[in-house]
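What follows is chain A paired twice: with chain B in the first complex and chain C in the second.
So, the complex of A and B:
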């Protein structure tokens, strides 16, 4: 109970700090803060349609967060998750292009999902090998691969996969309806996507909590130098963690193609990978908290789409709020640890 | 390619490298003191936005540069405080700040998008600029470019030839030992983190007031911060070698523009990402040349050893792990 009170106190303090900071920024931009907050709220939870949109953002965000939990357990900064989403989308589109005539859609969809997962995992493995064999820090490897993935998508859209007629930033040819994930028509939400996310959360929770792999990931993550005493090869477990992270990210890419955009776009990953890193940090690397944080972040993202139209503000306000949340949470947490330490020292003396 | 082309090419390299160079040297100073400021990409954008907006509103270029430097310093100070005093991961805080500063730049800079604003004009240095070839390459530039050239030497001299520089390096190597010698490691780390941040801020200002005048989304400076971070590693945490890296990078960029003309069928965006696979490849090469097996193999081969020396360079021992009092 005491822990609960302390956590909620931390939580409220974080919110107050972020609220004050955001209001200050809005005033600096000469915008009415309350109107901006109201627009974000109305734009995200104002109607069932909007909620459907929020959940469509929440799905890839949560999938990426689940994947990142594996890599964070072993202390890897899988910044390449963004590119892994993109490659998942590329592989998915590659398979679906064979089924453009609409025959046997179920087979093609299944194959496309497998390909998407494989695509993300392969991209993650490259980053993993660069880390374990090449000695390149995973941040640089992952980041470089993100840019490469982006270039591959642009090249495909403007080159081999260009729409008949003219190539444009709007992406490849729309997939035939048979290859779309089935969705609830009113809110345009796919039950398949939701089911997959639910499975991903449960699998991640079980993997990290109850399997040996989960235990080893954590052990190596907390002390790399002690790993060899238990006959563990950290490099192998790093690659395993990367495969999981890439697989989930690739799955997110598959859902983006088959369930949301129904084609390949330059902005197919929509920065959800980078955002997922913030989600996992803010949820303090907890499987069960991550989906909730992801939902809040999705609300901010969707809600701020309204801002340019209604208040002539840039929609990147959501990113500012999200970043401020993570920083404030880190600061509040660190401050509490510090004062606790000082108290203990005082007691000791 | 005739003489005139070469002059333009090299002058373009010197001018184009200025912002990357400033950011790289700034980060080298910060990392030499043991702090990794990962937020470079966002810092550069936010300071570029600040510089443009301030210069646009006040009409004073100098104010633009000063405010941009302060923004860079402030972000670096946040990273350093979180790390030194609050014991948080520098990578985590730096990464969050990268995204946040970028979004903040887009958000606050939105009303100033694609406006015609002030920019720094060229100041050919009298007499010197009349020297054939060299004059055109080195002495016909804007003041931030001259500053970037001066900074290379200045930074090297400060780091390796002054007592303050020795303190800076020793804190990055072993803060505990410094503490025992009566140096305050936390103060020094804060000082040089902010100091490096000021130069990063100037890099941003150089972008928006000089190299790519104006503000927009995208501005064109996106991704440079990451390149600068990689160049610090390429330079082996040595300011002069980092500067050489920055010039090499700028050279490749200029060459890339020529290539783009030759291969019009490839979309321009593909060329824009070319530095990043190159970055991975370079880091791979550096790591390869520092492997023990390679070093053993090169033993006794004089020319090979001199090649390897070019790629050697050690990370400050306490990089990323600031001093904790007992």
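So, the complex of A and C:
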């Protein structure tokens, strides 16, 4: 109970800081703050159509968050999640290109999803091996691999996979309709994607709470130096965590290709990987909280699309709010840790 | 410059590192501070150097009370300290390091400082070159540089904390020469050491600390036995224990070397039999920790061979050591032994190595409950391990050990425990010996080693300098061996 009160106090404090900061920015930009907040709300939850759009953003965001929970458990900063989404999309597209004639779509779709998961996992494993064998910090390896993945996508779109006759930033040839994930036409939302996310959340929760792997990840993450006491090899579990993170990210990439864009785009990952890092941190690494935070971020993202049209504001305002949110959360957290530390020191003296 | 410390107290919680220390350092003398590890020497010197604050007490410099809180303020008063680890900038040259903190503004004063540095080097017969990069220097040379730097800052009282650890004999001679010269110029030197030989050779007067209080102050000439008694106190009688029959050789090391710690480990050859209780004596960081980690497979030896139950194991993974039944329990329980943030139940879940995919939480919780009772851990299965006291953490660690271990390696298993907890630990470990498990432990408390061990290995400067059965030795012999007098 005490913990709950403390966390809600922290949460409310964070929100106040964020809104104060964002309002200040809006006032400086000469925009009416209340109108801007209203537009974001209306633009994200104002209609079923818009809600559908929000959920289409929420799906990859939540999948990436689920994956990141594994790596955060073992204290790895899998910033390469962005590239893992991209490679998932690339592998998916690779498989689907064999089925462009529209025969046996289900088989191709299934194979494409498996390939997408594998693609993300392989990309994550490269970073994992660089970490465990080469001693290269996963942040640097991951960031580097993100650039490589982006370059691969651009090369494919402008090179081997370019549309006949033209090559443009708008991506590869549109997939035939048979290879699109089935969707509810009214809100253009695929129930397959939703189901997969639900499964991902439940599997992650089970894995982390009830399996030995989950326990080992947490143990090694909490104290690498004591792993020897329990005969655990940290390297193996780091790789396992990377496989899970990459797999979920790759799945997000698959859904982006088959369910949202129906082709491979340069911006196929839409920075959802980076955003997911923020989501997980903000949710205090909790499986059940992060989907909610992801939903909030998705609303911000979708809602701010209308800002330029309605208020002549730049749509990057959602980025400002998200950034402010994370900074504020970190600041409030740091402040709390500091006051806790000071209290303990006072006890000590 | 006269330095007077009056009734200095430094308390860390309930631990009294200094408990009313009073001493006077006269100008033009070399003053030794002698004592075993944890006697409070370093704490006292860090207080004098302004590095840490004191709980109570007064420091008088030339008769007037001074209240300062930082090393910089201390340096202004003329008090400077040479730390065990040199505080310099390895990528820069000797000259650059010498100039740091002395020169301001944009004017290039290199030539001026070069002359000053070179004249100081000549004055003390040091072996430094102004243009060498500091990272290529030996520890002894870096020490020389640090001393010159302190001198140039106008230091009148030079404090040295264990300066002879890790330097060559020639460098030690050069250092002692320089310190004598320094003192003959009317300045004072405070030498902190646990090495009898060094203190005797250099100091005009020696103050001995034990457990945070001054146990004696003597002038030359010194009587070694008196010094030792002041350092270690008078040993109590040693109780006997039920005899254990020894079995085959469990651990055998041949010419093993190791790195780490202050001294590393060199040329270690030893074998340990089933059921033996072996105590590793020596001042902290003399190689015991390195030895235990090598035997436990935590680190790999660069040279030499290690056999467990007749099988070569060096170069093999930790898993191979574990399979042979070797367990290592480190001193820092929370840093290297337990998982902070995880509960007691979760630790038992980690420990059970069955093949299932899911954690058997129910089973783990039951195990936790029974072991908590059996090992008298003050806590519940849900308690996070970091909330337990040191003694309870140690009991928990012991309760996690499997019964059929072949070799237990314990680093200071009773450190920070009260007498009752410590006795409980020893009784428990004795049961392991009766089951023919070998127990090897280090301890900084000789009395404890003599009380519980069957055999004593004394470490000094990274070597085993003595290997005796307990009943063939006595505390005098061991205390001498600890400070390098074999």
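The rule we apply is simple: the second predicted complex is superposed on the first by the 327 of 349 C-alpha atoms of A that agree within 3 Å, B and C clash if a C-alpha of one lies under 4 Å from a C-alpha of the other, contacts with A are read in each partner's own complex, and residues count from 1 in each chain.
Methods note: contacts are C-beta pairs under 8 Å (C-beta built on N, C-alpha and C of every residue); 3 or more make two chains touch, one makes a residue touch a chain.
Bear in mind that the values here come from a model prediction, so they are computed numbers and not experimental data.
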Inset, instruction - Using the superposition on chain A described above, determine whether A:229 touches chain B (first), chain C (second), both, or neither. - result: second
Inset, instruction - Applying the touch criterion given at the start, work out whether A:19 contacts chain B, chain C, both or neither, answering first, second, both or neither. - result: neither
Inset, instruction - Once the structures are superposed on A, label A:210 by its partner contacts, choosing first (chain B), second (chain C), both or neither. - result: second
Inset, instruction - Go through the superposed model and pick first if A:129 touches only chain B, second if only chain C, both, or neither. - result: neither
Inset, instruction - Would you check which partner chain A:94 touches, where first means chain B only, second means chain C only, and both and neither mean what they say? - result: neither
Inset, instruction - Quick one: classify A:180 as touching chain B (first), chain C (second), both or neither. - result: neither
Inset, instruction - Between chain B and chain C, point out the one touching more chain A residues. - result: B
Inset, instruction - Would you sort A:219 into first (chain B), second (chain C), both or neither based on which partner it touches? - result: second
Inset, instruction - Mind listing the chain A positions that touch chain C in their complex? - result: 210-216, 218-219, 222-223, 225-226, 228-233, 348
Inset, instruction - Spell out the residues on chain A that touch chain B in their complex, using ranges where they run on. - result: 25, 28-29, 77, 79, 130, 134-136, 139-141, 143-145, 147-148, 150-151, 154-155, 158-159, 274, 277-278, 281, 312-314, 316-320, 322-324, 326-327, 330-331, 334-335, 337-338
Legend entry - chain A-touching residues of chain B, taken from the complex the two chains share: 38, 78, 82, 86-88, 91-93, 95-97, 99-100, 102-104, 106-108, 110-111, 217, 223, 226, 229-230, 233, 266-267, 269-270, 273, 276-277, 279-280, 283-284, 287-288, 290-291
Legend entry - Footprint of chain A on chain C - complex, ascending: 12-13, 296, 298, 317-319, 322, 328-329, 335-342, 346, 349-351, 353, 356-359, 361, 397, 400
